[in-house]
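Below: a set of structures, written as C-alpha cells.
Next, two complexes with chain A in common: one pairs it with chain B, the other with chain C.
Right after this comes the complex of A and B.
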C-alpha cells in the first residue's frame, strides 16, 4: 500500500527580488516498509519537499500539489487540528540540524516525553519508559541519566540519536529523515541504520531518507530520487539507478565513486559549475549549463520525466532517445 | 554554578561599595554641611561647634572609614530635620514604595506579556500595530501628565478611587497604574522581540512537527525562551520604578521613599537624601542579582556556563 503519494508538488517562497521556486513539480511515492532516498546537491529542495509534506514550510511559502496523500488521506484537505494529530503520530520527522532543532531550555526527557503524552494518552511514566527504551535502541548508554540533561550538554552525535528517538516515540507509519546520520561516526551510523531497518521490518514503516552519502543509500534505499534545482531528474529502484544511471547529473554525482555497484561508503561527487538561480525562471533543462552532453535542443523546452527501462524515469532528452545505453556509459 | 553565584555575589558587593563611596563623596562635594546646617547668618563659633560635633573636622579618610563602619552596622546617621535615626525613617517609608513598585511592575508585566506575545504572533498585523502604538504612547507620555489624567477621570469624574494619601490599598491603584504605564513600553518591546525570535527558531518547528497544539508550542516552548531578557528588563524597570516613584509619590501624596527624598531635598536633610539614594541603589543591585539567579533557573545554558 502506498503510504505517501505526492503528485506535482510545487513550493514557491517569496523572497526580496521575486519568488523562489524551491520545489518544482515533483512526484514521489513510498510504499509501506519501503525506503526512498532523496539525493542531490545542497539547496536543491530536499528539505523543502519534506517540510511541504509536514505542512511546516516557512510562513510565506506557498504549496501546491495535485495530490499529497498520506495513507490515502489528502493532506491539503485537512484543517490545522487534523494535521496536528498526524504530525508526530503518523508521520515522524528527523530534522537536519540537531543542534538548533531542540529547545535549549527543556530537558531531553521532557522533549521526548511530550510527543508520546500528546498522542498516546498514556501519561508520563509510560512515555518515559518508551523514551528510555528508544534511547537504548539508538545506542545511548545509561539513557535514564540522559533524560535529565539539556541539549547543549550532549555531543552532536548524541543529539542526532536523541532526534531519531524523538521521531520514533509514537511508532509512526511514515518517517521523514533529513540527513539523520551525518554527525555520527561509522560504527554508530551502521548501528542506527540497522535499527531503522529493523523497526521498518517490524512495523512496516515507510521512510523518506535524505542523504549525501551513497554508502547510506546503498545500505537503506529501495528506491532513489535524484533532485536538481527543485526537480526530480531521475528516479527508480536503487539497483537499477546504481547499475545504469540515466541522467547526466546522476552520472556526474556518482562519478567519483569508483565501483558504484558495490558501494559501501562515499560522498556524492562535486560537479563543476553552479546551480541556476531558483528565482529566475529556468529555460529548458536546468542542468544544461553544467552538462557535458548538452545539445542545442536542451535549451529549447523544459524536459519532462521520461520512462526508461526497468521503471527508471529520467528528465533528459538523451535518455529518452535511448542513447545512454550501458555500453555508452562504460566509455564515458 | 557555585562559582557563578559566588562571582555574581562578589560583583554585587563591589558595586554596593562603589555606590556607598560615591554617595559619601557626592555629599562631601555638595558643600560645607556645617554651614548649611547652621543656617545663614550663624556665627563662626556655632559652625565650628557643629563641625566638631559631627566629626567633620577630622581627615576625610577617617570620616569615610567611620561612616562606612556605621553603615555596615546599619547606622545611617540622624536626620537633620526630624532628629531621629535615618534608618527608622527609611524603614517606615520603604514598605510604601516597595508595595507601589511591586504593584506597578506586576501590572506592567500583566499587560505587556500578553500584548507583546499577541503582537509577535503576527508581526505587522493589527494586534502588533495596537501594541506598538500603546508602547509608543507610553513612552511619549510624561508621567505627571498621565497621573493628572488618571486623577481627573478616575478620581474626580468617576470618583471611584481616592486621589491622595496611602491609607488603603485603593490608594495605591492610581499611582501603580501611572508607574506601570511608564514601565510597560520597554517590556512590551522585549517580549515582542523575544517572541518573534523564538517563534522563528528551529525548535518551534520541531515542536510543531511533534503535533503539539499551538498553545503548547507558544507557552511551553516559545515563552520560556523569551523569559530571560524579560526578567532582566523587569528587574531594571523595577529599580527605575523605585527611583521614578519620586514624581508619582509626590503627586499622590504617598509617603514612600520617593516622597521622603523630595521632602529631604527641599529641607536640606542631607543624611536622609544620602540614605534614600543608597537604599534605592542597593535595591537595584539586589534586584539584578535576583534576576540573574532567576534566569539561571530558567535557562540551563546559563546554569552550566
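Right after this comes the complex of A and C.
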C-alpha cells in the first residue's frame, strides 16, 4: 500500500502583483521502504510540495488537491489538532539547515524528549531512553553527554544527525527531507546518506527526499520526480531515468553537471534563458522557450505526462510520439 | 607575462584567530606554501574549516598573515598600495547576494575598479563597463539596473565583470558557484573558462566541489587543518591520490550512477579541532594508515612526479596517463626562490 498518495496538488501563493502558482497539478506516490527523490532547481516548487504535504505552507497560500492521503487518511479533511498529531507521529521532517531548525535556547536532550512526551504521552525517563538509543543509532558516540549540549556546541554533521534522530523520535512511517545534506561536507554527506538508507531498511520507512544534487539522487533514490516550473516533467525509477532521460529538461540538467571522471571535458552544457514567471499563466509546455527541440505544437496546449517504456512518464510531446531520435535514447 | 612565471606566492603562511570566553587560539592556517603560475587555474580544496578561504583572503591581501609572506609578482604584498594590489589581483566571492551593494546600480558597481583608479573620462568608463557587461553575457542595458532585479547567476556575472574590468592578472574565486543551481553553475564555469582564454588570467579557485575542480583546474592543492597535504596536476591527483585525506575526500564524491554503492566512511563524527590540532600529522586520528610515527612526527612535503604529498605512508598508486598541462607548469619545489623569480621578472620588464 502506498504510504503517501498525492493527486493533482496545486499550491497558489498571493504575491504583490498577482498569484504565484508555485505547484501545478502534481501527483506522486511513495510506498513503504521506498525513497522518492524530487529534483529540480530553485523555484521549481519542490520545497513547497513538501510543505504542502506537512500543512506548513505560508498562511496566505492556498492548497488544493483531489487527493492528499497519508496511510489512507485524507489530510485535507483533518483539523489543525489532528494534523499536528500526524506531523509529529506519522510523518517526520528533516530540514536543510539544522542550526535554524533547532531552538537555540534549549538543550538537545530537552528538544528530543519534548517531541516524544508531547506526541507519545511518555514520561521524561522513557523519552530520555528513547533519545539516547536514537542518538546511538544515528552514530553519535557517548549520547548521554550530548543530551546536555546546546545546538551551537555541535558541528554541522552532528547537528544533522541529531535532526534525523529528532525526526525519528515518534517512529514515523514517512520521512520528508528537504536538502538534508546540502550544507554538509562531502564526507559527512556520505555518512548521513548511509545512515538514512540503513535506518530506512531497518524500519521500512518511506522517504521523500528533496534535492538539487543529482549525485545524491543516484545514491539514495528508488524513484525520481523531476520538477520544472511547478510541474513534474519526468518521473520513473532512478535507474531508467538516469540511463535514458526522456524529457529535454532532464537531459539538459544532466549535461550541466561537471564530470569528475573526465578531467579534459570541454564546455559544459547549459540551458539558455530563464525559468518562466509562475505569476503569469503558462501557455503550452513550460520548458518550450528554453528547449532545443521545441516545435510549434509545444505552444498550442499544455502537455500531459505521457507514459514511456519501463514505467517512465515524461511531459513532452516528442517522447510520447516516439519521434525522439537522440542517439542516447534509441538504445534505451 | 609568460608561462611558468610565478604570479602569486604564499610562503609558509600562518594565520591565528583569537577566540574569547575562554580565550584560546584558533589556528586557521598553519604554514601553507602555494605558488600560482601565470595562466594556470589552481584549485584549493578541503572541508569546511580546512583554512582554504583564510588562505585565499591572505593571498588577496584582505587579511594579514600572523607569520609568513605573500608575494605578488615578486613584490611583498604589504609593500603594494591598495590600488596597485587591486590592479593585479581581484576577488569573486561566494554569495552574489552579499557581495554587491544593493543601493548601487550595476554600472557603478562594475565601474568601481576603474573609478577608484581615476584618470579616465566618464564616457570612456561607461564604454568599458558596457563592453564588460556584454562579455559576461549580460548586455549593456543592465548598467542601469539594481542588484535586486537580478537572479543569482546574473549577479555572479556582475561580480565577475567587476573583477575583470581593470584587467587584473589574477582572480581569486572563493566558491564562485556553490550558491547557484547546476544549470547556472555550468554557465558561470563556461564563462570563467572563456575569460581565462581571452585574457590570459590565473585563477585561484577555492571550492569543495570536486566536479568543478575536474572541469576547471590545471592543478589541485588539498588542504587539511591549515596545511596543504597534497598538491599536483588535477588529472594525477584525482586519478591517483597519494594522501589518505585526498583519498577520503574523493571516495565521498557521489557519481551520477545509481548502481554505484554509497561510499562507506567509517569515522567517528568528532571533527578535527583547529584550536587543538592533533600532534604529528594532523590527519592521523582519521587516517586508516596511521602508525606510531604519524602521532609524533609531522610529515614534510615529499616530492612526487609532478607535485608533492605530506604523508609518512603515501599511496603508491600510479596516475592515469599525464596530460600535456602537467608539463606546462614547473614543479613548485623545483622552482627558483622568490628572489630569483623577482630578478627574472625585472629582466623581462626591461
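Methods note: the second predicted complex is superposed on the first by the 307 of 332 C-alpha atoms of A that agree within 3 Å, B and C clash if a C-alpha of one lies under 4 Å from a C-alpha of the other, contacts with A are read in each partner's own complex, and residues count from 1 in each chain.
We adopt the following convention: a residue touches a chain if its C-beta (ideal position, glycine included) is under 8 Å from a C-beta of that chain, and two chains touch if they have at least 3 such contacts.
Everything numeric here is computed off the predicted structure, so don't read it as measured data.
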Checklist entry - More residues of chain A in touch with chain C or with chain B? => result C
Checklist entry - Who does A:193 touch here: chain B (first), chain C (second), both, or neither? => result second
Checklist entry - In the superposed arrangement, which partner chain does A:298 touch: chain B (first), chain C (second), both, or neither? => result neither
Checklist entry - Looking at the overlay, does A:215 come into contact with chain B only (first), chain C only (second), both, or neither? => result second
Next on the checklist: So in the superposed three-chain picture, is A:239 touching just chain B, just chain C, both, or none of them (first/second/both/neither)?
Outcome noted: second
Checklist entry - In the superposed arrangement, which partner chain does A:207 touch: chain B (first), chain C (second), both, or neither? => result neither
Checklist entry - For A:95, is the partner it touches chain B (first), chain C (second), both, or none of the two (neither)? => result first
Item to check | Contacts of A:153 with chain B and chain C, given as first, second, both or neither | outcome: first
Checklist entry - Who does A:274 touch here: chain B (first), chain C (second), both, or neither? => result second
Checklist outcome for this item: Footprint intersection on chain A (chain B / chain C) at none
Item to check | chain C residues within the chain A interface of the complex | outcome: 47-48, 151-152, 181-187, 189-190, 193, 208-212, 214-215, 234-235, 238-239, 248-249, 251-260, 262-265, 267-271, 323
Checklist outcome for this item: Touching chain C in the complex, chain A uses residues 41-42, 139-141, 155-158, 161, 185-191, 193-194, 197, 212-216, 218-221, 238-239, 242, 252-265, 267-271, 274
Next on the checklist: With touch defined as at the start, can you tell me which chain A residues reach chain B in the complex?
Outcome noted: 54, 56, 80, 84-89, 93, 95, 97, 100-107, 114-115, 118-119, 150, 152-153, 166
Checklist outcome for this item: chain A partner, complex, touching residues on chain B are 201-203, 205-214, 216, 220-221, 224-225, 298-301, 304
